[in-house]
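Handing you this structure, nothing more for now.
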Amino acid sequence: MSAPKELSPPGESSLPTRDRTLTTVLTIAGAVLLLSLAAPQWAKFLLTIALAKGLVVIGLLPQMRTGLVSFGQALYYCLGAYAAGLAGKWFAVSDLILMIFIGGSLSAVLALVVGVLLSRYRGIFYGLLSLALSMILYGLLVKTEALGSTDGFNVAPFTLFGYRPEQDSVRNVMLIVVTTIATVSALVIHRHLKTPIGRMTTAIRDNEIRLEYMGASARRVIYVNYVIGAVLAGIGGAIVAAAVGHIDPEMAYWTMSGEFVFMAILAGTASVLAPFLGATIFSAIHSFAFDVSPNTWQMILGASLLLVIVFLPEGLWSLFRRAERS
Amino acid sequence: MALIVSAEGLNKKFGAVTAAQDITVGIERDSVVGLIGTNGAGKTTFINMVTGYLKPDTGRILFDGEDITQLSPREVTKRGISRSFQIAQLYNSLTVIENITIALSVVLDNADQSGFFSFADPIVPGFEQKPHEVANMLLERFQLQAYRDRKAQILPGGVRKLLDIALTLVAKPKVLFLDEPTSGISAQEKFGMMDMVMGNIRSQGGTVLFVEHDMDVIKRFSNRVLAFYDGRIIADGPPQTTLSDPDVLKYVVGGHRAKG
Amino acid sequence: MDQLIAVFIDGVIYSSWLFTSAIGLTLIYGVMKILNITHGSFYALGAYTAASVTGALLAYGMEPLLSYLVLLGSATAVALIVAPVLERGLLRFMYTKDEVVIMLITYACFLMLEDTIKLIWGVDPYFVAEPYGLLDSFEIGSLTYPNYNILLIGIAAMSGLGLVYVLNKTRVGRLLLAVIHDPEISRAMGINVDRFYLVTFSFGAFLASMAGAFTAPTLSVVPAMGVDIIVLSFAVVVIGGLGSLQGAAVGAVIVGLVRSISIHFAPELELFVIYFVMALVLAVRPRGLFSIAEARKI
C-alpha cells in the first residue's frame, strides 16, 4: 500500500482514512438520491431545504471545532438568497448554477472583508459581533421598499443550462443539484480538515497560545474558516431562494442563525456527514412536530438541544461512533 | 564566537514590581546556558521577552543581528527561537501523535507544503523526511511510543514535559529555551530525563538555555550560568565559579546550603 | 424646533424603556458571567402575565388605578416562580461549563419557554390599554405625550439608582461586588455564592419581567416580543459594556437617541443604526464603553 499523501502516520487506521470517507459520502449521497427520487414531492422539497441548510451548517463545522460559535451565519445565508433573487429580478439571470455562484461569490467578498475584523474575536464576542452584523443586514432589508421590506419578493422559476424543467421534474432537478453540491462540499471540508490549516483548527480550541508559539497564526486559520463558512452559507441561501421561490428579511434574523447553530450542536462536529444529518433531523422534527402541534415544536427542539448539550456534547453523531467502537 | 542572541538594557516593570532591570547579556552560538534564581527573580520574564510574549519597557533584543524586540511569539519562532513551558502547554484533547502532527502541520504550512491543492508527498524542512517519519523519530527519541494514542490530558506529568519539549524540536530551532524542564520530575529521574533531552537537542545542533533549580543538573549540563536576582543578572560565568560566587550563594542557592 | 424636542423626548422615553429592559441582562452577566437568552422569555412572561391578569381583573371591576400594582405583582410572580426553578433546577449544574455553552443552554430554555407561553396564552395578541391612558397626558409645544411615559422613565431611574445604591451602600451590595470580583475566593471566605447567584438570577428576571409588564399596556402583546427584546438588549448591553450598570444606562441613551434621530430624519435606517452602533462598538472597543475592570489573576 502506498504511503498516504497526507500527514497521517501509519497505524492511525488500517485503511487510508480519506478513501473511506470518500466512499462513505458517495454511497450515502447515492442512496439518498435514489430513495428520494422515488419519494413524494413534499419529501423532496423538505430534503432539498434540509440539505441546503446543511450546507450552512457544514460551513459552521470548522469554526466550531475552533471553539467559535458564529451567531451570524444568517448574514450570508440571506445575502446569498437576495443576491440570487436580485440577479433574477434585475439582470434576468435564471440559471440555477449561476444564481448559486453569485450567492457564494458575494458572500465570499463580504466575508473576506468582515473576516479581517471578526478573526480577532473569541468566545461570546465572536458570537455577538457576528450577530450584530447579520442584524445590520436585517435592519437594512426590512426598511428597504425597493426590496419588498418585510414581505421580501418572489424568485422566478429557474432554468438549468438554458432548459426550464417541467413542473413535475423541478423538485427532482433541484434535489440532484443540491445533493451534488452537498456531496462536493462534504468532501471539500473533509480534505480541508486534513490540511495543515484544518488540523490547526482543532489545536486553537485547546491552546491558542501554544499554536502561536509554534509559529502559526491562529487568526489566519480562523479567517480562512470564516470565509469558507460564509461561502457555504451563501450557496445554501441561494439554493433555498430558488427552491422556495420566495425570500424575505427573516432569513437574516438572529433566530435563523440560532437554527443553524442548533443543527450544528445537534449533530456534532465529528464528521462531515453530521451537519446534513443534523439539518435533516431538525427539518423533520420541525415539519412533523409542527403539523401535530404547532405550539410545541420549539419546546421539543429546545429540550433536544438541552439533552444533547448535557448528555451528548459531541452531538448525536457520537452515538454512531459509539456503535462503531463496540 | 558569534553572538546568536543578545539582549541590551532590558527593563520591565509591572506596576511596582521590577521584573527586569537593565538586563544585558550575549549568548554564544551552540552554548548551553543555565538560568538560575529564586522564583520571581526574572528568569521567566527574560524568556518571555526574548520569545516575544512580553515587550520590554526599554532595551532591545537581537537575534542573529536582527532586532526582534517588537516581534510576536509567532514571528520569533519562525526566525528560529523556540521555547518549552514551565507548565507543559499541550493540546489536551488531542493524543500525543496528534500533538506532534500539529507541530508538523505548522512547519509544513510555513513552508507552503501540504496545502489544499498540493498532492505531492510533503517533506518536512530541516529533517528532509516525511512527516510520519519525523513523528516516529520523535516518539522514539523521547520514549513516548507507549503513549502515542493517549490524550495529552491524561499523561503523567513527566511525559507531558517531554512531549512539550519534543514539540519544540519540530521547528528545528536555532535557539531553544527550556523553562524548568525537570520541574515536577523526581530527583532520581532528573538526570536521565535531561540526558535524553540534551542528547536529542545536541544531535540537532543549536543553542540551549534552560531554567533549573537543581544545581547538580546545572553543573552537569551547562557550560555557562546566568544567575538572576530581583530582575538583575548578578553573576555570569562557568558553573564552577558562578555557583560558588558569594552573591549567588546568598541570593540563589542559600548560603548555609552551599554546595562545592 | 418642535422636531428637535420630539427627537429628544422620544429618545428619552425609548432610552428608559431600553434601560429597564436591558438592565437585568447586564446584571446577570456581571455577577454570573452568563449571557442569558431567557432574558427575552422573562420579558415576554412578564408582559403576558401582566396583560392577562390585569385584563381579567379589570373586567371583574377592579379599580383601574390598582392596575399598576397588578403589573408590578405580575412581574414579581414571574420572577419568583420561574426564575428559581430554572436556576436551581438546571443552570446551577452548568456553571462549570464554557461561557458559550451556558449561553446555548439558556437559548434552549428560551425556545422551550416560547412554546410554554403559546400553550398558556395562545397566539392571539393581548391588549390591555387602560393603564396606559389612565394617567392623562402632558403637552410640550404642539406635542402630546401620555403621562404613562413619565412612569416608565421613573421606573428606569428608580431601578438604576436603586441598584447603584444597593451595590455601593449596603452590606449585601458589597458582598455581591466580592462575588463579582472572584467567586472562588468569596466562597472560601464563607460567602454563600450559590445563594447570591439564585438571588441575582431571580432579580435579573424580575427586572426583565417588570419591563415586559409595564410595556404591555403600550402595545399588543404577541409571541414575538421576547425574540425582539433579546437582540435589542444585547445591543444596549454590549455598547455599554457587559456587566456594567452605567454602561447599560449609557448604552440605552445612545441607542435611544440614535433611533429617535433616525426615525425622524431617516426612517429607513431605524433598525440598521442600532445594530450598526453595536457592531461599531464591538469593532472599536469590544469590552464596551464602561467595561468592568477585571482583576489580574496571578
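As written, the chains take the letters A, B and C, and residue 1 is the first residue of each chain.
Following the convention adopted for this analysis, a contact is a pair of C-beta atoms (placed from the backbone, for glycine too) under 8 Å apart; a residue touches a chain by one contact, two chains touch by 3 or more.
Please read all numbers here as calculations on a predicted model, not as lab measurements.
**Student:** In terms of CA centroid distance, which chain is the most far removed from chain B?
**Tutor:** Ranked by distance of C-alpha centres from chain B, the top chain is C.
**Student:** Could you say which chain's mean Cα position falls nearest to the mean Cα position of the entire protein shown?
**Tutor:** A
**Student:** Measuring from the mean C-alpha position of chain A to the mean C-alpha position of chain B, what distance in angstrom results?
**Tutor:** Chain A and chain B have C-alpha centres separated by 43 Å.
**Student:** Please tell me the distance, in whole Å, between the geometric centres of chain A and chain C computed from their C-alpha atoms.
**Tutor:** 33
**Student:** Could you put a whole-Å number on the gap between the CA centroids of chain B and chain C?
**Tutor:** Computed from C-alpha means, the inter-chain centre distance equals 52 Å.
**Student:** What part of chain B is in contact with chain A in the complex they form?
**Tutor:** Its residues touching chain A are 51, 72-74, 77-78, 82-83, 89-94, 97, 101-110, 114-116, 119-122, 130-132, 135-136, 148, 167, 170-171.
**Student:** Which residues, counting only chain A, touch chain B once they are in their complex?
**Tutor:** 3, 5-12, 191-192, 195-197, 199-200, 202-203, 205-207, 209-217
**Student:** Help me check something: in the complex, which residues belonging to chain C touch chain A?
**Tutor:** It comes out as residues 35, 90, 94, 98-101, 103-105, 107-116, 118-119, 123, 227, 230-231, 234-235, 238, 267-276, 278-279, 282-283, 286.
**Student:** Inside the complex, what are the residues of chain A that reach chain C?
**Tutor:** 67, 69, 117, 121, 123-125, 127-129, 131-133, 135-136, 138-140, 142-145, 254-255, 258, 261-262, 265, 295-299, 301-303, 305-306, 309-310
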